[in-house]
Amino acid sequence: MLTPEENTRLTRVGPGTPMGTLMRRYWQPACLSSELPENDGAPLRVRLLGEDLIAFRDTEGKVGLVDAYCPHRRAPLFFARNEECGLRCVYHGWKFDSNGDCVDMPSEPAGTTLQAKVKLLAYPVVERGGVVWTYMGPKDAKPPEPDYEWTRAPATHRYVSKTFENCNFLQALEGGLDTSHSSFAHNNHMSNKAEPRQRDRAPKIDVERTDYGYYYVSTRDMGEEGKYVRVYQYVMPAQQMRANNVGWFGGKNEMPRADGHIWVPIDDTTTHVYNWMCSYDASVAFTPEWIEAREKAMGRGQDDLIPGTFRLKRNQTNDYEIDRARQKKEIYTGIVGVNTQDFALQEGMGSICDRSKEFLGSSDKAVVAMRRLLLEALEISAKGANPRGLDSETYRAVRPHDRIVPPGQDWRQLFEGELKTKW
Amino acid sequence: MLTPEENTRLTRVGPGTPMGTLMRRYWQPACLSSELPENDGAPLRVRLLGEDLIAFRDTEGKVGLVDAYCPHRRAPLFFARNEECGLRCVYHGWKFDSNGDCVDMPSEPAGTTLQAKVKLLAYPVVERGGVVWTYMGPKDAKPPEPDYEWTRAPATHRYVSKTFENCNFLQALEGGLDTSHSSFAHNNHMSNKAEPRQRDRAPKIDVERTDYGYYYVSTRDMGEEGKYVRVYQYVMPAQQMRANNVGWFGGKNEMPRADGHIWVPIDDTTTHVYNWMCSYDASVAFTPEWIEAREKAMGRGQDDLIPGTFRLKRNQTNDYEIDRARQKKEIYTGIVGVNTQDFALQEGMGSICDRSKEFLGSSDKAVVAMRRLLLEALEISAKGANPRGLDSETYRAVRPHDRIVPPGQDWRQLFEGELKTKW
Amino acid sequence: MLTPEENTRLTRVGPGTPMGTLMRRYWQPACLSSELPENDGAPLRVRLLGEDLIAFRDTEGKVGLVDAYCPHRRAPLFFARNEECGLRCVYHGWKFDSNGDCVDMPSEPAGTTLQAKVKLLAYPVVERGGVVWTYMGPKDAKPPEPDYEWTRAPATHRYVSKTFENCNFLQALEGGLDTSHSSFAHNNHMSNKAEPRQRDRAPKIDVERTDYGYYYVSTRDMGEEGKYVRVYQYVMPAQQMRANNVGWFGGKNEMPRADGHIWVPIDDTTTHVYNWMCSYDASVAFTPEWIEAREKAMGRGQDDLIPGTFRLKRNQTNDYEIDRARQKKEIYTGIVGVNTQDFALQEGMGSICDRSKEFLGSSDKAVVAMRRLLLEALEISAKGANPRGLDSETYRAVRPHDRIVPPGQDWRQLFEGELKTKW
């Protein structure tokens, strides 16, 4: 449970808010690289932390991320011309490069001194792992560039997609750090009692703080087979990493890998979820067929999205196409698609979950730990100090892992070496 | 005319508001029984007095009405599993019965003490007359269960339907207590000058207060034939009862009966109207054909509703399909359907009518009397005393009546015995 | 740049606001005459300066403009009966004439004194030039009726249309007083370098204040050919007049004429634009074909509007159907239709442009001058004095002009006689 004030503090992300200020200390995904497919292509609307921005890939392939409005008379730069290494506003022809410098001002007399004075707000940008990242914080506090195993992996061993979620980021992040719900919300084969997460639905959870956030160990009793141990990583402010070595039906997963999400606030009540997958076995690359099958299982395959958007067809307006008959016997939620199930639950809490009315249990340990870290980071940040996870050295070698630990063995020994990155 | 403050006080119904608190002292319709057709069927969203709730019919047929959000982490219970006498949240499997008691908590270790502590908000429910009624007030002040002639009548002699109205309840209730407008808004045969309500369009109105609210007598001059006298009942807080013995074209109605509405606030700006009909002649049951014809005349037949909803197809978005040519000569409003006409006028006032700008006449006596009773009840209720109409003994024998009173006769004598219930 | 307070003061137009009060000192277009095509026809909804009104043409052809709600119980007069020189509310039959006097009250007893007391809010109306004008200010301060060359011109030499714009009026008016943007936003033939506005894209702007507002002279260098001089008129509070003698490709325009817009606030965030054209050469009348071709070029031809509305099909919801390929080589904005281009830029600034973030140049002189005049007029009006442009004598003879001024010649001599009306 949080006080209403704490809930507000943790969930509002606009300019000048405490959480908005904290979020701006970190590099954030702005869009997928694939959303800017060609040099001098169409500008792209990006809404991030409550700010309206325009992304564009210039003539040389460099990505700019700038204010959505021209500083002259506030005309919309979405309609601008992307040409010769700059965005040119179509109202009066003023042109700005990806640094926000004004490089042409044809509506003013030649030699105008205005051109040197006017600046377009522009945020620094880097592309890593198929994602365009930006830094929206104080200029003198820019941290090292984002650097994860999945951003370092070759494109053949990595996949990133993006989905739109119609609620505040925090309740989505909480779902991502909650291993317990997978025994219920994601039970898509109710007749399968062999699945580790069905054999013990009340996992023991142990959280260990780190310099980047925490990892937590979820332990499920498997009887004579031992224990199912799953280590999740939480990288501040809003990234989850989870392992997929053990299959849903028990045994080895068909494609052992690390998966993860980053929850990026569009504004206070909407979120973009970046979904990444990374194969760390150099001998096993992803195939397009496997990727599409996997995305479909998650509920975000090509046919699951409203064309031209990152929105699910199964959404709030149609109750996620819940099938009450299948819910009785086959799929615990009655809803098809793992992340669709998450969205139904998370969006269904309302735009911003009212945490002053919740009642937490021991299964919520990881959720509570994340909130505490964020609340502490707000205080640290307010004092001008550095919150955890800014420096890429703290998180660059991090990865999740899971396996079944036979009776009498210590998971720490078995996991040693597996919690460190291979790429 | 009301002051802006009085208007606000009478129209806001959310938790903690004066009118919201008063409304919660009475049993209120939550939904139709037919909206929960089967045991263990799909949960139903119910929004009532600004609160989001879920209704469900459990394995034994008992109806529960509970908070729309799980008390654990606020997941939406609309997606819950309705099974084995309880609702089970699909996020972590917590299960609650219709009393709100937690009966299973599978995500926590066996023997957890949490289960006994957590409660789901649950309101008491009774089913009467095809309606699910609930009581949302203080536990120790629950009044006797609702008990009307129409709830006691056999199902063969009773019919209840429900419609959605896109405005505050009060302006709708006012329309229901306003006999005068039927001479205008409901004049659907402009060439018919014989109709009693067309022969005298300025009825005399006399209001008599009672323990349940009031009845009022509307008297229209019929010349040599005498007077057309119509007695309406107002049962607090928001029920109207009207008689239909005398037909629209004069003479005996084809199906003498009592009709009524209850206006139930969904929230401040939307309302559910429960429409009931009751034949008190044991020898004359309603037939499905007659009911459908009657509902159609009111504008809410099966073909008049947007499928799967209680909303009229003829609504604000299409100006109620007003036909200006028919308005010239045939139908006074140009709009088809008696209650559609009411909706056009009531919804057309805006979400909440601004009564500080009105200018009342003698035809508005009943409207004024109702507002006074409600304002008094707000004061009575605020002092912790009981407002009128709580006890079913005050209203259980009440019914409306109308007939043509020949010259020289006293309506009170003729109506004696007719204003008391037969079922 | 404006302070946030100034920006608010200039853009809010509801009753009681400073700009709303100023706007109400002037006659304003309420609708097109053609929107009320027949006597006793259907009432028309008019929203003007944040007020909801109803216009109707009575039995004798006189137009009334009244409160949208009946003063009795606030029923919507849109559904009223327009009959026998008055609007009759269909709730209780109260009837009002175009002056707002109650002329019948059938729901009250004969001889009621109520009828003389109740008034329906009614604003004075005149029809001029195919437009229904109204005056919503203090009764004792009504200025002379609107009187422009284009309202005096014969119907054969005049055309008026209306479009809906989804933003505050001020950013639209600013676009209309900004000659500079036509070199960019309206460059629809990028290969045509001969066009005067392409030959010099940084016009010199000189503003001369007048009793009705100002005129401004925009001067573009045409090299050996001399200068292209264009005089715009700004008639307070929100009318622009511009000349079209010189064609887009240079040379004489095929139909020399004056054009103009009036921006009329529907409310703070939406605007009706009245678009007029006037041929002042008595020998050259407009033909329907020419008008339609011209309207189409502006982006508001019959096929450009959503049927039954004044809204463009190319609008915010479809990014004005921008064609990025055509934008590269042919049309500067990639958007078809001159006013569609304006709408894209003006609506794209957001509902109300944030002028505290702008950065003005010398091309914005006319915009700045208009804001100053309005800010001064707010002060003048607040002191109870008369702002500029109230008296039709100040503006009745005004018109715009443009032509190419050969080297060595003085534009003032050439323009003399052309800046005065011919009708």
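Here the chain labels run A, B and C in written order, and each chain numbers its own residues starting at 1.
Here is the rule we use: contacts are C-beta pairs under 8 Å (C-beta built on N, C-alpha and C of every residue); 3 or more make two chains touch, one makes a residue touch a chain.
Because the structure is predicted, anything quoted here is derived from the model rather than measured.
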item: Fraction-based call for chain B against chain A, same above half, different below; value: different
item: Superposition of chain B upon chain C: rotation angle, C-alpha, nearest 5 degrees; value: 120
item: For chain A paired with chain B, centre-to-centre distance based on mean C-alpha positions, whole Å; value: 48
item: Overlap residues in chain C, where contacts from two or more other chains coincide; value: none
item: Of chain B, residues touching chain C in the complex; value: 174, 180-181, 183-185, 201-202, 319-320, 322, 324, 327-328, 332-335, 341, 344-345, 348-350, 353-355, 357-364, 367
item: Footprint of chain C on chain A - complex, ascending; value: 41-42, 69, 71-76, 78-79, 81, 83, 90-93, 105-110, 112, 114, 117-118
